[in-house]
Each structure stands twice: as structure tokens, then as C-alpha cells.
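Both of the next two complexes hold chain A, though its partner changes from chain B to chain C.
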Partner chain A sequence: MSIVNDLIAASETLPRSGRISDERYDQKLKDHVTRLRQLLSNNELNHVAHDESLLDQFDPSKDSITYLFLLQLQIHNLRETTSETFPAALLPLGKLWSRSAHYLEIFNPVQVRYAGHEWRQLIELVVQAAQADSKPLLAARLVKGAMLRLDPSCAVFTSTHLLLVQLCLAAKAYTCALPVLEKPIYHIPILPSRSPFRSLQSLCAEYESSVAFVNDTTGLSSTLNSQDYLQYFLYGGMIYMALKKWDEALNYLGTAISMPTKGPISMVAVEAYKKFILVGLLDKGKTCSLPNSTATQVVKTLQSLVKPYLDLAKAFEQGDRIRLEAEIDAAQGIWSADKNTGLVFQVLNAFCKHSLVKIKKVVASLSVAELTAPISPFQGNLSGITESQIASLIMAGDLDATLAHSQLHSSSSILRFKAESLPLLFHENEAHADLQTQGKLMEGLFGSMEQANHRLGLSDEFIDNTVNRQQWPSAGGMKSEMGGATGLEMEEDIMGDLS
Partner chain B sequence: MELPLSIQQLSKLAESNVSPSQLFGILSQYEADARLVSAGCGSPETGSADPELLSFFYASFFFAHLLTKQIPEARALTQRMPEAIRLQDPCLKNCLILLRAVWQTQHAQVYQILRNLQWPENLQPLVRRYDSFFQDQTLISVSTSYEAIRLPAAAVYLGLDLAAAEQEDPTIIEKFTQCGWKWDSETKLLHPTPIIVPSTVQKATNGIHDAMAMLGNRGG
Partner chain C sequence: MSSGRSSKPGQAKSRKTLGLFDPKTEDAPSGILGASLKPNPQVIGTPNFELETYISNYKGRSRFNRLFHIGTTSDVLAVDALKLAVAQALSETDVDQYLKAVQALARLAPKDPELAPNLGWVGKVRADMQAKTERLESELRGYKNNLIKESIRMGNEDLGNHFYATGDLPAASRAYWQMRDFCTTPTHVSSMYLKLINVSMDRNDWISTHAYVYRLRNALSKPEDMAKNTPRTVIALGLSQMHQGQYLEAANTFLSIDPTGVLEETFDEVISANDVAVYGGLCALASMTRDDLKRRVLDNKSFRNFLELEPHIRRAIKCFWEARYRPLLDILESYRVDYMLDVHLHKHIDTLYRQIRVKSIQQYLIPSSKTVLKDMIAIFSPELMGGEAKPFSLSSPFIVELIRLIENDLIDFRIDLVGGFLVRNQVDLRAQVQAEILQNVAEFNNAVRLRMLNMEIMDSPMAIEPVTAADRAYRRPNDPNLPDFQEGSNAYQGNPST
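On to the complex of A and B.
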């Protein structure tokens, strides 16, 4: 037991005291991890691998490294002795599951930077165990909490991001993913040699950006490929779709579609484009433009692959309900195979709403009877709609109009579209909330841009490039040019929104 | 989360005055426990799933979703409820009926479901709270959606006594005029005054100014 006693003694000195420098603490943690790895590889801890009380001797919040290694040892040992991938103790309700779950709730986020591989393996194990037991919800909450604990900014894309959205979709726990989805991703894990913080070697130091420690060597993310990135944005879009947050869904799907590609277009991007078309119709009543960064060739190829969706969108935009229904009927097999049937029926339901919104461009007011008459100037598109449905659309904020009952019950109510809607204050408050959100996003983006500029400015590639391209404008010149143009454009946009 | 999931704890929460978002946050943390209870790890006494506790938890959590206006997520919650009790438990069946009415904005049905269906005693505070919340939200929506509205129609929206409204009962009329609405006794129409809910954020113009200043600083 002397090894265990040694570990307990070492564990007690592991929490950081205020005086120790980053360099010394860094070395201490590195040494500790090296020793633990050595003990495990030499099987020197095998005699305690069955001892359930062993973990009780370590506090996972103070020594997250020893606890993690010993937990993994016990899990590995249990799997070997039972010859089962997921023995009962590992499944939800099991003892090792409970220990793992507790660990993920309270681990020390600085210490696990030194045991990134093991930390990620534990996350993956918890996910697999929950899925094997058909309880993805339990893992979703743990993974979300662990991600935010490790890196509250979640600004570096990791394999755990993808796990989380997959779990949340499987568990139908959509809001669980939002605290992560709402945080913009600015980086993918890179080699430390390319890190803006490469001159700072201590993983335990405080960094402005998590890209300093979520990198290719710490193991906090598995190796990623472009498909992972695309899938994350597709699944993220699907989560927003489930919550009917259409703008955010369009943003996520658009990101999946517009990712630069050299080779053939990914099927994930094609799936995202199909959903992008339908969500555009649902939210805006039209096919939305793809992000400007989407390559023309990609757009052309995508359009050739989703013809039934484009035909449906065309019928929708032309306001032709009969054709829209025909298009929906004709391609039922396609919607079903693409798992988009529910979305397509939502599009059909949204047709009425958008037909009403379009009428606003033609008339200022009309009676509800005129609107719903089978033979009306509106091609019968609204023949089935009732006054209460119109009222519901207005009350939900989908239609900017008012209703006015008349004195006589026999007279139809008047629907009046608003030219100038609610008082400016109402819009100003909404605009302010939007501005606050956008302001935070922009602050993050500017911060990351500054880091990127700094990194580029220090890189060999940048210096070589500068030498080769003598016409490169001065940094000061660029700054003033960008600042003037950006500020002016934003102001005009804001005034446009408010008008 | 300090206390374990129990009927007593849920009853305290249902009766408390915690804000809807706090209620939602607290109950969110219990969902994993509920999932485990449904898997057979119930109270130490029974050692098995506890249908009464599960029903109370999921119904309370469902109302917490409605009180925080998370209707699509409330629908997702009904899909997460353990199948065995979702289709059997009368209270959760009521929740499904209520969800459909709320989803379809069937105001009269919503009040009818809340007031006439049998809800468990310990859930009553949340049922009443949602009734009041739904009424307030509808009053705000009607005030901005109608320029003029007949009294019975307005009464239906707010779940008031329809027969009394048709008789132009002064107490019904007063409920609206107290909100600044005008009653025209000649035309028998109510003229709502739009209710603008003040934003909880700080003065808007400061925010715009700050945002523009930030852009200026960053850009320049």
C-alpha cells in the first residue's frame, strides 16, 4: 500500500497554493501525470484496481488527476474481469457511473488540461454507457456541464461539441445544447507550435483564449475532420429547428453549407441545404440567400442535387397553393427518405401565413370576409382561414396588423395592416436587446481577430509574404480604412432596421 | 440542488413564489434524478419506480416550461416522459391535452382544461399560476392586436364568464376599463389601449450609444 500512501501524500500537495509560479506548478503537474502513467503502464496499481474504497481517499475537486487515473484503472479492470463493454456498474445507477458523473461535475478545470486524453475518454465512456442504456439525457447534461467547466467560452471546436449535439438530439433535450450552441466558435484545435501562446509553455496559466490549452497535443479533443465540423453545424441547426428558432437554424445550416471544400460536396452539406430551403420558407416565406462565402460552383452543384426542394420553394414563392400541394404529394417519398416530412408539412401550414403577409404589400385594409371568400383576388389561397386563425397570427407577432370588430355581428371584421406599427420605444427595446447580444458576439470576434492578427504578424509565413509583397498597405492605413467604413455601414443598417 | 427529488420538495416548489425561470432552473436539475427514478431506482423505501413522484415531477416541469414560454421545449419534454406513465397517468394526459390547446392557441380550451379537468391537489398552485399567467399574456396580445373588439370575444380570450359578457355585465367591462381600455356603450365595442411591456434591460438609447462607441473604438 506504500504506493497508494505516496499518491495520497502527493495528492494533498496538488491543489495550487497562491505562491507557486506557473512554471513550477506546470512542472509539478507534468511530473505527477508522468508518474501516474508510469505506474499504470508498469501495472504497479493493479493490486488496488478492485478496491472500491480507494477513490474515497481522493478529492476529485482538489486532485482531479489522480482521481481520474484511478477511476479509469477501475473501469478498465472491471471491463476486463466481466468481459463486458458496459458492465452494470458503468451504466447509469451503477457505482462507477455515479463516480464518473460526480467527477465530471466538480473536476478541476486547470488540472485536467494535463490529462486531456483521459478526461476525454471518460466523457466518451459516459456518453457510450448512457446510450447503451437508452438514457442519453443523463449524459447530455453531464457533457454540457463538463464542457462549460473546462472552457466556459467553448470557443475552440472539439469532438465533445459534436457529442453534445448528437446526445441532445437523441434525448430530445434541445435546450440542454443551447449554452454551448450560443457560444461562437473561433478556433479549431491547432498544433501548439501554431498557437498564439506558443511562447508561454505553462498549460496551467490563465489565458485569454482556450486555444492555448485545447490543442492537438493536450488530447482534450479527438482528431477532427471536416465532416465533424459540418455535422456539428447541421445538428446544431436541427436543434434550433426543433425549438423553432428559425434565424439561428438558418445561421447554423448556412455555416454547414458554406464551408470551403476542395473535393466533392459533402452529403452533410446537401442535407443542410435541403433543410435550409425549408427553414427559409417557414421563416421568411422565400428561399434565403446562402452566405456570401459559399463558392458559386458549390451553389450550382447543390442546386442540381435538391431539385424537388427548389420546385417546392418556387411554388411557395409564386403563391400557388395548388401547385405547392402537388409538389408535396409528388415527392412524398423524397421527404420521407430525407426525414423532412414534418418540416414540409410545416411549410404547407406556413403558406397561409406568408400569403397573408404578402397581401400587405397590395392592400392597406380589407374585411376578413373578402379575404376568406372562395372567389377572392387572392387566388383562394386563404379560403380556409378563419378570423380566429388570423387573430392568432397577429397575436403571435407573425402578422403586423390589427383587427377591428364592427358594431353589427353580421358585419365582417376589418383587418388593417400596419404601415407604422407600435411606438418606437417598443422597437427600440427589442433593438437594444439585439444590440446587446450582437455587441457581445462582436467583442468576442474582435478579440479573436486581434489574436489572429497578432499570430499572423509573428509568423514566418506573414513575414515572408510581406517581403514578397511590397505593396502591402501599412497597418495604420488599413485600420483607419476599416474603421470608417464599418462604423458608417452599421449605423445605416441600424437606422434601416428602426425605420 | 440541495435536496433530493421528493413529493415534499416538489410541493414546496409548487407553492413557492420563485420566479418562473428559477422554478425552471431548479426543476431542470431534477430531471436526471427523475430519469433514474423511472429506471427503477426510486425511493429507498420502494426501491422501484415511483409513479406518483414521476407524475408530479413531470407535470410541474411541464408547467415550468409553459410559465417560461418554452412551448416547443414543453413538447419535447412530453416526448421525454417515460412512456409507461405518459400514456397512463391522468395528470400527464391532461398536460398533453393542455399542450395541444396552447400550441393551437385555443384560448377557450386552455381555460377549460385548466379549470375543469382534474388536477392533483399538490399541482393546483402551478395550474392556477399558469391560468393567471396565460390570462395576462393574452390580455397584452389582445391589446395590441385589436383596435376594437366585442365584449364577448374579449371575454373568451380572457376566460371570463361569457354569459355575463353577453349581458354587458359591468364587472366584466370594468376588468377591461381598469387596464385603460375604453368601452363604447353605443357601439358595444371595447377599444383596447396597447399594453407595452417595459423592457427589463437598461435604457435603450444608452445601449445603442455604447454599441456604436464600441464599434468606433474597435474600428478606429
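On to the complex of A and C.
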């Protein structure tokens, strides 16, 4: 038991007291983790592996490291003794599940940076257990909470992000993913060799950007590939689509589509592009333009792959209802194979809506009979629409209009479009606040731009290039800001290293 | 090879740099001949002018072209015009022109014995002209052998004049263009350009006309030459601008014509002073603002001289200035047939009239924020007031016209079909600008973020490599993560198989 007592003693000194410097605290935590790993690998703790009361002696909010290691040990042991992947205690509402859940709610976000691998394993375990028990929602909540606790900005893409959206889609708990989805991703984990923070090794320090500590070495995210990234943005877009937040959905799908490629296009991006077209029609009534950063070659290839969708969009934009219906009918097989049938059906409704919105720009009031007459001078032909459909559009808030019966036009009711809504009190304060938020965002972006500039300036490729240019002075001096700021200052040393 | 090519470097270079006229590639349909391939639409109705009086204003090629145009379009004047055209052609030496007129006439009045083509005349003129061509060409060869610049220039000019008279306009252009290396004085240069301008106008080649006018203006010429040429070049410029659809520029050009020059020396080979008034007036009416019309047309002392020749144009402009749109449209409509029979105006009259009408509607709506549709119909579409039971229905042509105007953002109004009003859109500019700015900022931030992110991806091993095994393995997942999106529900329906 002396080991346990030692651990308890060490654990009590672990919470950070105010005066300790980053370096010393860093060293302390590192030593602690090394010792725990050693104990585990030497099996010195096996005698306490079944003793659940042991965990009660540690406070996970103050010492997240020891608790995490012991919890893992117990789970490991339980699995070995029962020889089941998910013994009952691990499934939701089991004893160990409850402990894990509790831990994920209150862990210390700085300390777990040192035990990233274990932390991530715990999350993955919780997710798998919940899926095994078909209760993805339980895990989704925990994962979301844990992510926000570890890194409130959630600005670095991690494997946990992907887990969360998958869980939320499976659980149909779309709003659950929103707190994370709403935080834009600014970075992906940088290879430690390229990190600008490689000289600053104190993981416990306060960082402006979480990119400093979320990377492969700390283990807070597993190694990611392009698929993970694409899937996250596709699934994120689908969550927003389910919630009918079209703008955000377009944004997410656009991010997936514009992912840079060194040659081929991922099928995930093609799926995203199909949905992108449909969402554009639903929300804006036209095909939206892709983000500027999408390579032209990619756009061309994509367009050649999604012909039926483009035809559909063309019919929509031309305001030809008959052709639109024909296109929808003709490609039934494609929609269902792509699992986009539901969206395509919504497109037909959206067509009525957008046609009416176009008419609204021209007409202030007219009788429904005239509107639905077979020959109408408007672009969008609405001959099939009924009064009740119009009424439902108005009730859904898609159309700012009123329907009325009057004695003069007894045969048909009158559709009166409201004037362009003039906000009586435009919330200037709100606009001001918005502007300030965006301004701050912009400052942050400029900051990370400088950082990236710096980082790329130190990259091997850039230095090689600079050296090459030095060898051919006629190729034009390095005049870019980047070169002036970083590359050339380093030049002397680099040359020394190379030779 | 290279020596052979460099034997005439100057010539090759000048042709390339000038780029105006390349006899080999130049194959524009020559004037009326090209137009006659596509018959002009029939014009029905009697014009306000007397054919004899009207045509006496013109002579030469313009006279024939105008007669031929009337002859092929009008239903009333066709035969008379074509007879005059035949007579005109017989007095000249252009055989093709004559045959064209005779053929057109034969289609209209096949049984008239008077109108049989005078084949004897045709043969004689052809032979004469052929002989003259040969004589002039051999003379020119002689001059070239003697290397006397002035003679070569004059030889080319004679040849050009001859081709022009026989109706071979491309050859005429080519011959005149050959003069350019042998012009020794500024007067020669300007006379060459004037000839070129004339020919290209007759060829309906307005782009070349435009270019030659600017070349002539930039060429150094004596002040007295300049003064003499200006009215002619201005008219050519105005016509070419009108034919290229630049109505505002054309109006400005026509307005700048100095009446003394034109009225003294009639340009009956091209257009008459009446035409200047009509073309200038209509282009101005279609393109200028109300203030400009008042200031630059009605109060323009020099242009008044032209307007006096065509008082109805002046009246029309005045009506527009005085916001009397119905009389304006009536005046224009009553002269529509005249203008359809005009060889230059007939292609543009619909566009010009439409623009004038749109401008009138816009002008009518400027002072009001809400207008009674009935009043508007009385002014702009009085024919609808009588029989139409519901003038405000969507099927009424005037309403359709308004809808098109609104859809094309030409008027900022909405139609209240039930009440019979036209209502101006109210816009809160301040709120609109604020919303736009916020949106722009958000878009910018997003774009920057995306670019930074993509850059990081390129820098990491994550960018899609030429072939990834993961990509191949990707199938449309048959798991609950990619369920179908069902109609009408906010929720995904899970795939039943899982």
C-alpha cells in the first residue's frame, strides 16, 4: 500500500498554487506522468486494480492525472477478468461509466495536456461503450462537454470533433453539436517538428491559441487524415441542414469542397458538392458560388461529376416549373442512391417560395386567381400552386404576406405582400456589437497570419528555396516581407549548418 | 526566304500596324447587296413625305440606296421608288445596282412590259467599264515603273474612283488604301481618308468609318482643309456611332455639327440636313436626361437651324421637357412609317422608340411615391382603356410591360393590382448599408480563415495525396452517420438497416 500512499501524497501537491513558475510546474507534472507510466508498465499497481474505493481517494478536479491513470487501470483489469470488450460496469449507468462520465465533466484541462493519450482513450472508450449500448446521446453530451472544457475555443481540429458529429448524427441530437460547430476551426494540429512552439515546452503555460498543445505528441488528437477532415465538415453541414440553418450548412460544405488537393478529388468532397448545390437552391434560390480558394480545376472536375444536380439547378434558376419537375422525376434513382431524396423534395417547395419572393419584388397585391392562372407574365411559373400552399408558406414565415377575402373580389382571395420590412428601430447597438466581434476576429486572424508567416519562413522548403535563390542572384532579390522578416536573418546559420 | 520577305518591309509593317484594312480578309457584305439577302420587314402605311420631294434631297449612291430600301420595304411606295431607282441606275455606271433594282421591280410587277431589263445597256456598260479598268491598271503599272509618287497616287485615286462608280466597293477601298504610301502633302492624306470614309459608309462598314474618322482627325492637315472636312467627318462619325448603338455619343456628335458648313454645302451623297435633325433629335431624346435635352438641344442655337427643318422633332422634345408624354408618343408614332423607310434609321427605330418610352415612364414616375395606374394607362396605353374590362389584370400588356421594367430594375416600384396603384419601394439606406457592411466583414473573415486553414493543410501531411487508399475505401457509408434526409421533417431518418 505504500505506493498508493505515495501517490496520494504526490497527488496532494499537484494542484497548482499561485506562485509556482510555468517551468517548474511543467517539470513536476512531467515527472508525475513519467512515474505513473512506469508504475503501470511494471505492473506495480496491479494489486489495487480491483479496489474501486481507491479512486475515491483522489479528486479528479484537482489531480486529473493520477485519477485518469487509475481509472484506466481499473477498466483494463475489468476487461481482462471478464474477457468482454464492454462489461456491464462500463456500459452507460454502470459503475465505471459513471466514474468516467463524472471525470469528463470536471477534469482539470491543464493537467490532462500531459496525459493526452489516456484522456483521448477514455473519450473513445466512452463513445464505444455508448454505441455498444445504442445510447449515443449520452456519449455525445459528455464528449461535447469535455471538448469545451479542454479547449473552450475549439479552434483546432481534432479526432474528437469527428467523433462528436458522428455521435450527434447517430443520436439525431443535432443541437447538441452546435456549441462546438459554432466555434470556427482555425487550425489543424501541426506536426511538432513544424510547430512554432517547439522551443517553449511548458505545456501548462497559458496560450492564446490551443494549437500549441493540441497535436500528435500530446495525444489529445489522434493522427488525422484528409478523410477525417472532409467527413467532419460534411457531417457538420448535414447537422446544420437538419436544423435548416442553411447559411452555416453552406459554409461547412464549402469548407469541405475547397480542401486543397494535390491531384484527385475525394468522393466526400463530391458528396458535399451535391448537397451544396441543393442547399444553395433551398436557401438562396440559385447555385451559390464556391469559396474563392477552391481551385478551378477542382471546380471543373466536380461539375463534371454532378451533372444531374446542375441540370436541376438550371431548371430552377430558369424558373421553369415543368422542367424542374421533369428533372426531379428523371433522376429519381440518382437522388435515392445519393440519399438526397428528401432534400430534392424540399427543392420543389423552395421553388414556389422563391418564385413568390420574386413576384413580391414586382407586385404589392393581386388576387390568387390571377397568380395561379395558367398564363402568367412572371418568370417562375406557378400554375400548380394552390391557395393552401401559399397559406402554408406564409405561416412558415417564408413569405411576408397576407391573404384576405374581400367583397369586391368575391371569387378569389387577395394576396397582399407586405412592403419591404422597415425595421422601426434598427438595432444600431446590435450592429455595433456585431462589428466589434468581427473586428476582434479579424485581429485574431491577422495575429495567426503573422504566426503562420513566421512558421513558414522557418520551414525547410522556404529555406531551401531561399538558398537556391542566393545561388542565382539574377533570379531577383528576396524582397517579400516574409523573406525580410525571417529567412534572411537566419541565412548565415543555415549556410553553416548545410556546409 | 528572309531576303524575299524583307524586300518590302515597309509595306508589310505598315499594313500590320495600321490593321484597318486588309484587302485579303476584308469580305464584309457590301452595303445594300448584303442587306438584300435578308429581306427587310414589310412596312405598312403611308409616310408623311412625298417621295419625289424626299428623294430630291439626295444624289448618287445614297439616292439609289434610299430608293431601293423604300422599294423593298414599303407597301405603298414600292413600285414608284423602284422605278426611280432604275432610272437612277441607268444614269450611272453600276450594272449590279441596276440589275438589283430591275429584279426587285420584276418581283413586284412582273407583267409590266416597260420594265424589261435593258440588256443592251448592261452589256455596253460592262464592256466599257472593263476596258476602262484595264486602261487604268496599265497606266498605274506604268507610273509604278517610273516611280513618280504623285502619278502613282493619282493613278490609284483614278482607279478607286472608277471602281466606286462601277459599284465594286471593296476594290475601291483597296485602291484608295494603296494611295497612302504615295501621299506627299497633308491635303493628299485628308482627301484619301475622306474617300475611304465615303466608301466604308456605302459598304455599311461603320467600324472602319469610325477608325478612318479618327485617323483623319489625327492626321496633320491645314486649318482650311480641316474646316472644310469637319462637317463631313462629324456626320460620318455620328452615323457610325448611331449604327453601333452608341446613341448618346451619336447625339452629342450630331449636336456638335456646325450648321453653316452643312447648310451651305449639302452632303446629299450621304444625308440631308433634315436627317441630321431627325437622327440627332431622336438619339438625344432616347439617351439624354431631361435637363440635358433642354440645355443642349432645345436651347442649342446652332442645332435649332436643323430642328427648324423638322419641327415635329422639336415639338416632341419639347413635349418631353414639358412632361406631356401622350403627345410625345403620338408624334413619334405618327412618324414611325417615315423612319422605318429611312435607310439608316430603320434598324434602330424600335430600340430608340422603346428607350424613349421607358424614359418617359421613368420621368413620369419621378415625382410620385404612389401613382394611380388608371392615369398611367391613359397616357401610355390609351388603347387599353376602352374595351378592356379589367385594365389592371395581369394579362394587360401595359401591366406586363411594367413588370418587365421592374424586373430589369428600370423603375423602383411595385404594382398594387388590387387597388390599381404603383407604389414606390421604401428603403432604409442606413440599415441596408450597415447590414451590407456586416455581411462583407463576415465574408472576408471567413475567406481569410479558410485560406489559412487550407494553407495549414497543404503544409501538413493531410492534403489529399495523388492516390489515397482511404479514398478508395470510402463508400457511401451504410451506417447511421449518413442517414437520408426525409421530406418535411427536421430530423434525419436513420437507415433502417442499422
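One rule holds in what follows: the second predicted complex is superposed on the first by the 376 of 499 C-alpha atoms of A that agree within 3 Å, B and C clash if a C-alpha of one lies under 4 Å from a C-alpha of the other, contacts with A are read in each partner's own complex, and residues count from 1 in each chain.
Heads up, the rule we're going with is that contacts are C-beta pairs under 8 Å (C-beta built on N, C-alpha and C of every residue); 3 or more make two chains touch, one makes a residue touch a chain.
All of these numbers come straight from a predicted model, not from anything done at the bench.
Touch criterion met: A:188 reaches chain C, while chain B stays clear of it. Ranking chain B and chain C by residues of chain A touched puts C first.
Look at A:405: by the touch rule set out above, it reaches chain B but stays clear of chain C.
Looking at the shared chain after the overlay, A:141 reaches chain B, while chain C stays out of its contact range. Shared-chain residue A:391: touches chain B; no touch with chain C.
In the superposition on chain A, contact is made by A:433 with chain B only, not with chain C.
Of the two partner chains placed by superposition, chain B and chain C are both touched by A:442.
In the superposition on chain A, A:235 contacts chain C only, with no contact to chain B. Residue overlap on chain A between its contacts with chain B in one complex and with chain C in the other: 172, 174, 242-244, 406, 409, 416, 422-423, 426, 428, 431, 435, 438-439, 442.
Residue ranges of chain B in contact with chain A, taken from their complex: 31-32, 35-36, 39-41, 70, 72-73, 76, 79-80, 105, 138, 141-142, 144-150, 153, 187-189, 194, 196, 198-199, 201, 204-205, 207-208, 210-212, 214-216, 218-220. The residues of chain A lying in touch with chain C in their complex are 166, 169-170, 172, 174, 184-191, 194, 224-227, 229, 235, 238, 241-244, 251, 254-255, 258-268, 271, 291-293, 336-343, 345-346, 360-367, 370-371, 373, 375-379, 406, 409, 414, 416-417, 419-420, 422-423, 426, 428, 431, 434-435, 438-439, 441-442, 445, 448-449, 452, 456, 459. Partner chain A is touched in their complex by these residues of chain C: 393-395, 399-400, 403-404, 406-407, 414-419, 421, 423, 425-428, 430-431, 434-435, 437-438, 441-442, 444-468, 470-471, 474, 476, 480-492, 494.
Chain contact summary for the complex, chain A toward chain B: residues 92-93, 133, 135, 137-138, 141, 171-175, 242-244, 391-392, 394-396, 402-407, 409, 416, 422-423, 425-426, 428-433, 435-436, 438-439, 442-443, 446, 479-480, 482-487, 490-491, 494.
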